[in-house]
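Same chain, two partners: chain A is paired with chain B first, then with chain C.
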Partner chain A sequence: MREAEKTFISGLREKLVEDKIIDESQLDPDFAKEIVKYGGKDVMTCLQCGNCTGVCPISLKIDYKTRSIIKFCQFGLKKFTLETRWVCATCYRCYEHCPADINPAEVMIALRHIAIREGVIPPFIKMAATNLVKYGQSVKPDPEIERVRKELELGDVPSRDQEYAKVVREINLLVRSTGYDRLIGIESEVKS
Partner chain B sequence: MTQYAYFFGCIIPNRYPGIEYAVRWVCGSEGFDLDVADIKEFSCCPVPGIFYSSDKNTWLLLAARNLTLAQNERREILTVCNGCLTSLLKATEYLTDPKSLGKVNRVLSQIGRKYTGIPRKTEGRRRIMEPVKVRHFVDVMINDVGLESIAERTKKPLKNIRAAVHYGCHYLRPTENQTIDDPNDPVNIDKIIETCGATSVEYEDKLDCCGAGGGVRSHVVELANSLTEDKCRNIAEVGADCIVTGCPFCLLQFDNAQKSFTKEGIPAMHVSQFQALAMGIDPISLGFDTHHVSAHSFLRKLRGT
Partner chain C sequence: MNSSELLGGNEVKRTPTEANGNSSGPRIGVFICHCGSNIAGTVDTSKVREAAEKLPGVVAAKENKYTCSDLGQDEIIAAIKENKVERVVVAACSPRMHEPTFRSCIQEAGLNPYLLQMVNLREQCSWVHSREKDKATEKAIDLVRMGVAKAAKLVPLEAREVPVEQSSLVIGGGVAGIQAALDLAQMGFKVYLVESEPSIGGRMAQLDKTFPTGDCAICILAPKMVELARHPNITLLSYSEVEEVTGFIGSYEVKVRRKARYVVEKKCVGCGVCADSCPVKVDNEFDMGFGKRKAIYVPFPQAVPLKYTIDKDNCIHFKTGKCKACVKACANEAIDHEMEDEIVELKVGTIICATGFDTYVPMKRGVYKYWEYQNVITGLELERLLNASGPTGGHLIRPSDEKTPKRVAFIQCVGSRNKKIGVNYCSRVCCMYSMKNAQIIKEHEPDTEIAVYYNDIRAFGKGFEELYHRVREEYGIEFIRGRPAKLSEDPETNSITIRAEETLLNKITERQFDLIVLATGLQPSEGGKRIGKILSLSLSPDGFFMEAHPKLRPVDTAIDGIYLAGCAQGPKDIPDSVAQAKAAAASAASIMAGKNVKIEPLTALIDESLCVGCGLCEEMCPYGAPEVFESDKGTKAKIVEALCHGCGTCAAACPQKAITANQFTDEQIASEIVSALGGIGVTAEKAKKAAKKAEEA
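Now for the complex of A and B:
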């Protein structure tokens, strides 16, 4: 980190601690490194220009500001970012407009990785992953749609095919090999 | 002639069979007669908003498995969904890194698979490998089929139809992967619409997100719907008859969200369904009855009654 950045970022941090807006014990000094580990870029190089927030479709709607989240990351306020709901639509507009080339969308994805590993797992992740290990696809077959498929003579959806069982076995093996089932807590669904 | 493999993903076969029918019809003998095969072993791409967001290693393994299937058949993947496009494209990019490739292949060897890429040419003794190509349906229509052929096959120009095009974020971005279109001023779907004889209407914030991506729809559905509401308001203002998109997930969002804020709604359809209509398919085969927003008003206008 360049000296100027260090002064800017930690200067503000000290002020926040002094004003008792944040508590020093909440800070995680290695948070930026952790984000890099999960594929995000170095958030310390963020200029806080706010372009990302200006183009973010979600920031327009609710009190979720991309720039603030990147700021939390610079401070090391891990707890705050974990509490943020998963509302990034990964539209990558912020990436196209970032002058520092941080790719905030990828930072959000890295934050999701961290949140999952801290045990914050939204139910839809489990649901989609369960569908994947059961049917080989993230969307469950629907009897009504299967009727329409018959009418259109499209044949069965892949997961109804007998030979598709082999594919499901392969997927179960791959999911187990990375420990993904244990990570998000769907061990009981995965066949060995 | 380029050889393709259909990649329908999860939403199309399980929610919108009409799109599958339209794509098969447009690419098949009654349409442009492309060389497209079915690879039955394809699984979920996997969804970027879920697997790419929660564990990149698992995501890459599952995507690499799909890529090996197309690689063994020496075919280009023809996706019909923006999500599948971005997920598989990103995976081919990750796999150009020898370290990730080695790691992935070690696990894939347990199921008897190996990702190498497709040999394109040889230089002396060395074979030069290229990543498996991942193509979007719109990309294939514009660059491989060409607008002239589309114009030739347009038997029933949809003259009185005003269509609002929605591109969808992952068709345009991130530009670090591959750009099919200008991310700030995309034209391809508009061109297809115009070639089909219809009018593509301009509306405010055309490139805005539908709101569904990245798990927002699954997580906070009200938020996703409020973004869709903004889009639909802009589309209704210019008096469009339908929304045409290249992505089934955006379509699903437009289709499901509209009932939360309006009674009537604007019917949404995939670009392949629109094309098939212009090429003279019977609308009954397009499975519009599986859509939540009724397409009656649109089909009535199409018949000119």
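Now for the complex of A and C:
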């Protein structure tokens, strides 16, 4: 049973399988407009040709179908698109091939914006943001990384630099003044 | 207290007759149309009527449910007679719809037909402001006031009649051009058919079979080609180009360049001995480069006229001055290497433009490796490979090793429906020709495995859906819904793997094929673009020629006396091309049968006393109507009325203000502007204030 479900609804969206039937209450008719607001192109012009999926390096490796995400957007199935995994590397190959001249990569970015604002925030975003306000870099300083850097003669990580504390303060100021901390729920981490 | 006191000191209560009858201007009738609910549903027409009644000069203002109906027209006629109306304002739809209707209506009542002013309350008011009813009513009142102001300044004009030449020029000898020429010739008109290639037949002659019935293309076309060549009313000018077209409906003057074919047409009997003796072998364009021809050649065996042509670029004699093998071989002494191009001048009444299409050449980077992989071919190339008189005698081979392919894939929508390459339209024939070709391949080699990669199937014509069913049910052709993403070639076998998402399965598939056929779309032909410039035809956004009206005048162009047929106007299949050709022939005939044609008086006029002969009008005019000439008073310009469309470009450009456009004179336009700014009794000061206020807002 599970295998068949995976075949038809790409396995990513177990919720959809649970719901079985999509009724009108689940549709958001203005979703396409919202995507445009957050910088995506109009998904309604998509012809569903599947060229984007075929050229997507991610689609080849895991169960992630660019075309079907665009179809969910067209349909207005917001809640499913918000749970899309953040795997798009924005390589823009889909854009290069798209005959409808949509930029699916930018639609993915718009979907991330919307997801954050709807409170669907993947844990790694909070983690990276916390690192940013703490250390001034999205990856936590790690002795192992520093050792490899030394081997490759890449110099110290900037957070080791005393002067860098000033930069970190500025990052904190920016994060606080733009409201980014409140948006993703890391207010407690931000130094005032 | 009497009413005049209520209205204030100087105001006197005005009755319609007093207000309007005493002015010296013409008596105006205003007729407001409801257009069912198209106008009245948004605009409060009774308010508009009340406002119109108060306008200066208006002696009658009436509302009608449908002014264009017999009842509505009768009311206009009655008002002209009873109220002695001298100028008519009809506030209804666009003048493009019903201006001719109302012109003939007021003419019936004895008025000059050009004393009519249309006010567009539908397209330019009610339809666009359906959500703001009050504002729409206000705008409608403004528009009517402007119309009345202009109507007061209208002057009578007279249409002119010119004789029509009883002959027609058909440009392009494809199936559309052939059909149009035959139809006109049958009706008794003289026809000149100009074709740039050595033979008529066009693209249809290249095809193997036609969809959906599977008729052999050349078998059904050849009899028409022969009939055309033999028809006494048709002069066939093959291997010729239209160089210049001047004149106007009824009397076009055309210069045609007859390219030197280095073979005297009258002497050549088409025996082919010359070609047998010719030592040069080159790719035959007609076979899309798959077959070979000689430097002296006919493109295909059924060519009409069956006269040989020397390809100057490849002929040894033109390169070295030697050879002349063909001259020695020809018993009729038909070959003349000294022949030169010849200019033929024609005079025709009408022109039919049937310049056809070119197929999209997938040469851009990323378009399915057409230039890179030998086994990727286009649909038209496949037609030649399947054609019994083609380079392989109808045996399908793949180019890399000339073996019969066992697995064939068709890729649809190449060069159509693709915004990336600026082609937004559907080419309309690719779905069906791919299915038809798939069927033919299956008939030749029943064990061939065939898949069609498609986006959407367009099987809209008569018998098309049935073919779609047939190829799936009887021939087992597989349809995969998805646009291929990547083609990769096996370097040893030259077979090609297609990676594509099967969108209906939501799975990425990879499959190997021996031959890939790209269903290339249709594009406006290069020759057609040149002709378009010569004829000053306008283009649709897709680059094909634009018809005068997409629904009601689909074969006419914006230029009177020039008609469109076939793929020059947009992608079409054969029956549609033939139908349009017949329609174009009928339209051209309807002009020529009338012997004379009326020319609208809405043209530009040049006041010679003001003209300094600068020639700016000649430069600006899109129709070539102004002509600069030398007179005893110096250099002056004049307007060739039959060419003028009354667009007013020259009038706007003229630095001397020597040009006026009839019915759009400065005085008439200014009266509209003044009334738009201030309404009744506007003064210069008030108008200035209003303009300032508008600027501030």
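Here is the rule we use: the second predicted complex is superposed on the first by the 155 of 192 C-alpha atoms of A that agree within 3 Å, B and C clash if a C-alpha of one lies under 4 Å from a C-alpha of the other, contacts with A are read in each partner's own complex, and residues count from 1 in each chain.
Definition applied: a residue touches a chain if its C-beta (ideal position, glycine included) is under 8 Å from a C-beta of that chain, and two chains touch if they have at least 3 such contacts.
Bear in mind the structure is a predicted one, so any value in this text is a computation, not a measurement.
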Side-by-side fit of chain B and chain C on chain A, or clash: fit
First (chain B), second (chain C), both or neither touched by A:171: first
Touched partner set for A:86, first chain B, second chain C, both or neither: first
Partner chain(s) touched by A:67 [first = chain B, second = chain C, both, neither]: second
Touched partner set for A:96, first chain B, second chain C, both or neither: both
Which of chain B and chain C A:39 touches, first, second, both or neither: first
Touched partner set for A:49, first chain B, second chain C, both or neither: second
Minimum distance between Cα atoms of chain B and chain C in the superposition (Å): 8
Footprint overlap on chain A, comparing chain B with chain C: 96
In the complex with chain A, residue positions of chain C that touch it: 366, 413, 417-420, 455-456, 481-486, 499-503, 505-508
Residues of chain A defined as touching chain C within the complex: 7-10, 47-51, 53-55, 59-60, 65, 67-68, 96-101
Parts of chain A lying in touch with chain B, wherever the complex brings them together: 38-39, 57-58, 61-62, 85-93, 95-96, 103, 105, 109, 112-113, 116, 122, 124-125, 127-129, 132, 136-142, 144-145, 148-149, 152, 154, 157-158, 161, 163-164, 166-167, 170-171, 173-175, 177-178, 180, 183-184
Of chain B, residues touching chain A in the complex: 9-11, 13-15, 17-18, 20-21, 24, 40-44, 46-58, 61-62, 65, 107, 110-111, 169-170, 173-176, 183, 208-209, 211-216, 218-220, 223-224, 226-227, 285, 287, 289-290
